[in-house]
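In structure tokens below, several structures.
In what comes next, chain A is part of two complexes: it sits with chain B in the first one and with chain C in the second one.
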Partner chain A sequence: MANTTMQTVAPASAWLVRVRSSLSVARRVPKIPTAVLLVLMIFALFGQWIAPHSPVAVDMANSFAPPVWHEEGTANNLLGTDKLGRDIFSRLIRGARVSLSLSLFVIALGGGVGVALGLISGYAGGKVDAVMQRGIEVILAMPTILVALVFVFAVGRSFESVILILSPFLAARFARIVRGETLSVRERDFVAIAKVIGTPTWMILLRHILPNVFNTIIVLATLEVGHLILLESSLSFLGVGVPPPQPAWGLMVADGREFLTSAYWITLFPGLCILAAVLSLNLFGDWLRDTLDPRRRQL
Partner chain B sequence: MANRLLEVEGLAKHFRGGGNWLTSGGDSIRAVDGVSFHVEEGETFALVGESGCGKTTVAKMILLLERPTRGTISFQGEDVSRFRGGGLREYKRLVQAVFQDPYSSLNPRMQVLDIIGEPLRVHQGLRGRTLRMRVGELLENVGLNPVTASFFPHQFSGGQRQRIAIARALALRPQLIVLDEPVSGLDVSIRAQILNLLVDLQRDLGLSYLLISHDLAIVEHMSHRVGVMYVGKMVELATRDEFYGNTLHPYSNALLASVPKPDPDVPMGTTIGGEVASPINPPSGCRFHTRCPIYLETSMCREVEPDWREILSDHLTACHKVEPAVV
Partner chain C sequence: MLKYIGFRIFQALLGLWFIATLVFILSRSIGDPAEVFTARNSGVDAREIMAAKLGLDRPVHEQYLKFLGQLVRLDLGDSVSNGIPVTQILVERMPATFTLGLVALIFALALSLPLGVLGAVYRDSAIDWIAKVLAFLGQSMPPFWSGIMLIILFAVVWEMLPPAGKGGWQSYILPGFTLGWGVMAGMVRLVRSSMMDVLDSDYVAMARAKGLPEAVVIGKHALRNALLPVLTYSSLVLGAFMNGSVVVEQVFAWPGIGTSAVQSVVRRDFPVIQGVVIVFGSFFILINLFVDILYAVIDPRIKYTP
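Up next is the complex of A and B:
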């Protein structure tokens, strides 16, 4: 019989194998990206107790103070201050909440809707697909920044309005890519067999198609977080993003731009935060994708 | 005579070729063009022919994956296209399928428990312990260890995967299983295992098989009756012994002659000249006349489509050159 290798695994040790393999998964978590993300999450959740200063306290006498390792730097402002004398370190900590939560909300709302639309569009095909794809093309053809400007002027500048206006754009990107993947998965034989069995369509979508496009969704989501952080900063720069004085990384980068030659720290540290967050998310996303794939899990 | 489980009458499937909603569309592809046969209870009916002859399209129509252009499919005497609600559910329970490629027919993201359990969940609402037990039984039925229920498809070889696909097809105790090239994707060394498993299951469970294959050796081993298709049409239909002993149609003869014999003294099988005719623009008259070895320059073969006639009892063919022995 060809299954001798299977028989070497006795029922009692199958449990052991499972425990051991889940331990080894935990051991392979990428250490640095996970640590960075954990720190940022702690900042986002508990920032008001960690930050040494208020992020909005203006102190004009102490403006453009350099970081602590410069001669004029003091431990009171570890990473220096901006043009209004606000503490950069405190603003970075409090800014984590705005930048990360905005991205997560948009990913959850826009991504969720986009995945659902993409699955339906790709699986239904025909006229449903054609109509939905034309709709998506209309959204993708619109200039994000311009539409956001008009929208925010119309409904008012707030955290919620930024989420509402960015979500449709994200949904369109997700829908387009998920639809493409769905088109290829639905032609596989296991989908045909599910139809022969009489599996309801919603179950085919959730149990057969969705798990097989999940890799793509994870990778896209981690890439889009970085994109969203940058997009939010563009909107803030144009005056339609998260309203000041709430600190957001993108806004801080924009603020420091004109002082880049004289006070680099205003721009550099929020920029590094964006870089660290985006890079960590991408590396973490890669790990998550590999872990979720049963073919790679046992390697 | 045994009861007719499945009966196919004048079945046809034409695909619209090329073109889109702007252009009027190219010529239609007549993948299947008037095929009739039946499958009796407990037997294996084999549908053979070269690739592109439409045999898989016939299977898809029976499995309700394609809608026929013309013709009817009846199951236990009832028209399948009329099934709705409970009747449709019952049909989907009684008719199952095993496909050629066991790498594509198992969802790589599902454990074996969920793969084999899917029909049990959908039709019988089985969960938890009961489901696990039933899946274990099914795995044993196909010669796999029940422990493997928690494994994923990539942990199995091709032959083992095909066993899983067979276990899934058996889960609902069906009456008919459509086997679309069930061993073509497997190594030659394990084909016999899978074929013998299928034969044993048929004997033990009283299953009927519709076997779709291009491999005449497998067909001889497994089937009770054989139908030969060429470019969307049935050209010969007979019992297995009759087909292999007294082949009538020149195309069937050529197919049989092209099978290599496992004997070094016998020269390699002869091949059929020419190429399979295109179903987009099939030849006039007899569709095989462009390649037929016994075709003579008669206008008959070229212009008149041969009738589907019973030449001997239970032995039908469509050829002008074959004279009926019984009328």
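Up next is the complex of A and C:
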């Protein structure tokens, strides 16, 4: 009610309406997933000041200390310690940085390339499109984890090699979806007009098509971060991810496997972190899709 | 139609060739191939024999043709850690991986069909919520961790099921469920949405108008039509299982191909890794080919646009 009166009575305050409507969108943000994601981001950014201990400090005298709620647990190691006496809580906090930064690098690299390829492929059409789509299909038809195993075997285990091998797979997924969107935007009137007045192709792609597929890209990126965290932790678990002593969550789960019955906390908490992160990203991404891009419920 | 099928077969062959070439390039670029294909501490003799076998003194294109020739004859070389031919290792381990994938598929279908159908029929009911929660969890849980948690609960705490290894039918339950759960998530969503589409269609309204009992309308008229996308998806899922099996087999010490891939990485046993990648990659491509052809046969609207 209030909104409509304002619109009709005072058009000058249209910005107020816009602020209000974006506020009402903000109020509908899924609260728990957003909170979880914010905490993880704070951990990733400011982890070294929040963590009570160094994530790699070995303290053999204090190995396998149980979490604080056990009888022998102390507040010094809230979530207990692993076989080398390293503080689980501190390692989890630093692990957030490993998982998030790696995923963001892959999104930036693979996603960037994928968006560019998708725009070109969809806009150019014809032979260019056909060749690119066949290439993308070949990449999508390869088993990611196995190819990553072989690649890391070949070039050695490092943060960078994991980014390099995951990026092409992400690029292919981005390219396929952006291409589909581009195909439909290409047929719209404003693109035809831009062409008629002689706008250069790169300008049409950047100024007219990209903004119209941007919502899809944002939604896809959010959902893919979750997917990447799962992939990265699987690789770490298999021993071909980020090298130790960097505290990657997947590696921590693997570390605890031998001590399942005696020290469950080494395995339980890193897994819960992965679950919380990916679940929050999926829920947040779903909400984002319904808000920004209601046509693509199947994504 | 034939033209389309012919084109898809050509494309699949192209994909196979691409994977083989990728493996060849990798094997020649890691280091001295004679060293890559022999055990780490083997002597000069062994490396010279391997160099002769690989034809390393010949020009690269001859080596490449030789490599392709051996592939066509299914000769993948011998494992460097125990000298057994790679083809034999793969053939021995294949059944374990396939049965696990099959069990996982059965789990996924058995869960997602009823949950998806009931979720579509009774929207926003309790069962719809349960389906959603299960799906979201399956999608977000790292399979290696959910597997370990299931082992703790069912094998350690309640001692109901064996914790690892391949034995009686009980040993299939935990790994099968772990592998199937991740896939079930996508399936529930698919069953639910395609079922909802079908329920809104005219022929379902017609069936209801004829006064057929609701169970017949849903079971016969709606479900059958909603199943087509699910069938396509399940065959694609077999491909996804190959990816998942690497991790899940590792967790449950399952004697399949995935385990041998991980072990060979640890042992730096390149011939075996190469074999696994080629076999898995080919299988992936063949499944995609099969699904596309099946789809073209079932759904005549798919025309031959390559």
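The rule is simple: the second predicted complex is superposed on the first by the 217 of 299 C-alpha atoms of A that agree within 3 Å, B and C clash if a C-alpha of one lies under 4 Å from a C-alpha of the other, contacts with A are read in each partner's own complex, and residues count from 1 in each chain.
Here, contacts are C-beta pairs under 8 Å (C-beta built on N, C-alpha and C of every residue); 3 or more make two chains touch, one makes a residue touch a chain.
All values derive from a computational prediction rather than experimental measurement.
Asker: Is A:R207 touching the first partner chain B, the second partner chain C, both, or neither of them?
Answerer: A:R207: touches chain B, not chain C.
Asker: So in the superposed three-chain picture, is A:M60 touching just chain B, just chain C, both, or none of them (first/second/both/neither)?
Answerer: neither
Asker: Would you check which partner chain A:A75 touches, where first means chain B only, second means chain C only, and both and neither mean what they say?
Answerer: Neither partner.
Asker: Quick one: classify A:G226 as touching chain B (first), chain C (second), both or neither.
Answerer: Only chain C; A:G226 stays clear of chain B.
Asker: Who wins on chain A residues touched, chain B or chain C?
Answerer: Partner with more touched residues of chain A: C.
Asker: Should A:V253 be classified as contacting the first partner (chain B), the second (chain C), both, or neither?
Answerer: second
Asker: Looking at A:A154 after the superposition, I want to know if it touches chain B, chain C, both of them or none. Which is it: first, second, both, neither?
Answerer: In the superposition, A:A154 contacts chain C only.
Asker: Quick check on my understanding: which residues of chain A belong to both its chain B contact set and its chain C contact set?
Answerer: The answer is residues 298 of chain A.
Asker: Touching chain A in the complex: which residues of chain C?
Answerer: Against chain A, the touching part of chain C is residues 11, 14-15, 18-19, 23, 26, 29-30, 136-137, 139-146, 148-149, 151-152, 156, 193, 239, 242-243, 246-247, 250, 261-262, 265-266, 268, 270, 273-274, 276-277, 280-281, 284-285, 288, 306.
Asker: Over in the complex, which chain B residues touch chain A? Could you list them?
Answerer: Touching chain A: residues 63-65, 88-89, 92-93, 95-97, 99, 101, 104-110, 114, 118-119, 122-123, 143-145, 147-148, 150-152, 154-155, 157, 159-160, 165, 168, 172, 190, 193 of chain B.
Asker: Would you tell me which residues of chain A are touching chain C in their complex?
Answerer: Of all residues in chain A, those touching chain C are 130, 134, 137-138, 141-147, 149-151, 153-154, 226, 230, 233-234, 237-240, 250, 253-254, 257, 260-261, 264, 267-268, 270-271, 274-275, 278-279, 282-283, 297-298.
Asker: Show me the residue ranges of chain A that touch chain B in the complex, using the header's touch definition.
Answerer: 1-3, 6-7, 9-11, 14, 18, 188-190, 192-200, 203, 207-208, 211-212, 214, 294-295, 298
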